[in-house]
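Read from first to last, the chains carry the letters A, B, C and D; within each, the first residue is number 1.
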Amino acid sequence: MPKFRHGFRVNWVDTDALAVVHFSNYFRYFEKAEQEFYERHGKKEAEVMKEMNLAFPRVDAKCTYESPLHFGDEAETELSLSRISDRSVSIDFEIRNVTEGKRAAHGSMTLVCVDTRSWKAVSIPAEIREMFSSMG
Amino acid sequence: MPKFRHGFRVNWVDTDALAVVHFSNYFRYFEKAEQEFYERHGKKEAEVMKEMNLAFPRVDAKCTYESPLHFGDEAETELSLSRISDRSVSIDFEIRNVTEGKRAAHGSMTLVCVDTRSWKAVSIPAEIREMFSSMG
Amino acid sequence: MPKFRHGFRVNWVDTDALAVVHFSNYFRYFEKAEQEFYERHGKKEAEVMKEMNLAFPRVDAKCTYESPLHFGDEAETELSLSRISDRSVSIDFEIRNVTEGKRAAHGSMTLVCVDTRSWKAVSIPAEIREMFSSMG
Amino acid sequence: MPKFRHGFRVNWVDTDALAVVHFSNYFRYFEKAEQEFYERHGKKEAEVMKEMNLAFPRVDAKCTYESPLHFGDEAETELSLSRISDRSVSIDFEIRNVTEGKRAAHGSMTLVCVDTRSWKAVSIPAEIREMFSSMG
């Protein structure tokens, strides 16, 4: 199964005074790919959150930086499922600098499924579990 | 009456690849000074919002950029009341680059008082009106 | 001549605790549309900046907020040229909430052409002037 | 030796539509504490970078989220040295929600000392090594 990939161009505002993307923004690129992953599955993350009273806050986030990204670079975030349990899901990501043909970074996130009314961890609904399981 | 001033040091993440503060961040500096203005008056903006079910979304924001800010520069935001009506308040701001002894930018904002339950404009409560009126 | 339009989906990170897009991010949406405008003309803004030693810092930015944007909303930024002089260009923008069929905001920016080696204002090169003039 | 601590108040713009601080901003809080750490040692990070032609890009960043931060919360970042080698330094951090008396997050970063002219890793200068070693 091919992995999910989301292509994008680096924004000016994402850079810092060293003329490279600020390290915190890689986590935002991951999050953007996550939103696009829902879209690819015909879902809107915003609607899932609202209709199911769910959110997926992160409990863990890490990233290893390999090569910088610059303004305007073509880049690509690849997501792959690393582990799914009853109430949480761990996703690995890679960000590639397509312009330079190099891997820019890789990392992982652990998301917990919470009910936004109680802010308590709950089981991931079957439909969402299925979606994540198809991630590759 | 002396004007309200909030001093700060420019963050690394606020800069862009030209090694100056990104223009959008000046609006965030204004907002930070606004939060500190509440504190100076013994209030917490977060509590005012929660207890009174109020928010002050912007209807208008503008800024003129005069001289760049750089990482680590000492800066200062000065707020002054330009106009207050029943449901809205207009605030002028100046941002000074203290390190370089220059004005960095000036601008203004118009904030409307809304009830966060209805998202409708409402009268600014007397206590908050008084606080804004003391801005100088 | 049809105006330039750039479609996008609102990011999670762009929202604030009122569950709407933070007002400062509208300026970043404008900037993103500007980058995509270069792409539409077969240019890369990053390369123009590097090869011509040019940058277009803002001297003026303003925005009027009409209707909020929420996470996941389909939106569209429309750019139109308001004025072009020897060394500066003023661009009007509108941001539409396509999901809700409403205008979210409108505003304008004035950009000055500077030589990044001297940080002095210089004439806009013919090729770039032509590009901006085709904005509609 | 007491550890380095930097106190701050959570900004409005740092929150997201769940009314908590966006997870990427914890990395920015870490960075802000790092800047203040230089100040505490009578140095300006910006001047160190400029005068020594040095930068400390991250090669690794991770964070575990324990309890949310909200707009206006009093918070505190604590830094402690975990490891220092010839060319890199690893720093652990904890972010505490002082308002709620809870730990909000903990994590670590590895920074590599690079020469900004060659973008190559170089030895950490003695003066900077000494500063980091005093971190506690």
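The rule we apply is simple: a contact is a pair of C-beta atoms (placed from the backbone, for glycine too) under 8 Å apart; a residue touches a chain by one contact, two chains touch by 3 or more.
Since we're looking at a predicted model, the values are computed, not measured.
Of the two interfaces, B-D and A-B, the higher number of touching C-beta pairs belongs to B-D. With chains reduced to the mean position of their C-alpha atoms, the one farthest from subunit D is C.
Subunit B and subunit D have CA centres that are 26 Å apart. Averaged C-alpha coordinates give centres for subunit A and subunit B that are 33 Å from one another. Residue positions 12-13, 20, 24, 28, 31, 70-71 of subunit D each touch two or more of the other chains.
By the touch criterion stated above, subunit A contacts subunit B in their complex at residues 12-13, 15-17, 19-20, 22, 24, 70-71.
Taken together, the subunit C residues at the contact with subunit B in this complex read 18, 20, 23-25, 27-28, 31, 55, 57-65, 68, 116.
Listing the residues of subunit A that touch subunit C in their complex gives 9, 11-13, 28, 31-32, 35, 39, 44-47, 49, 70-73.
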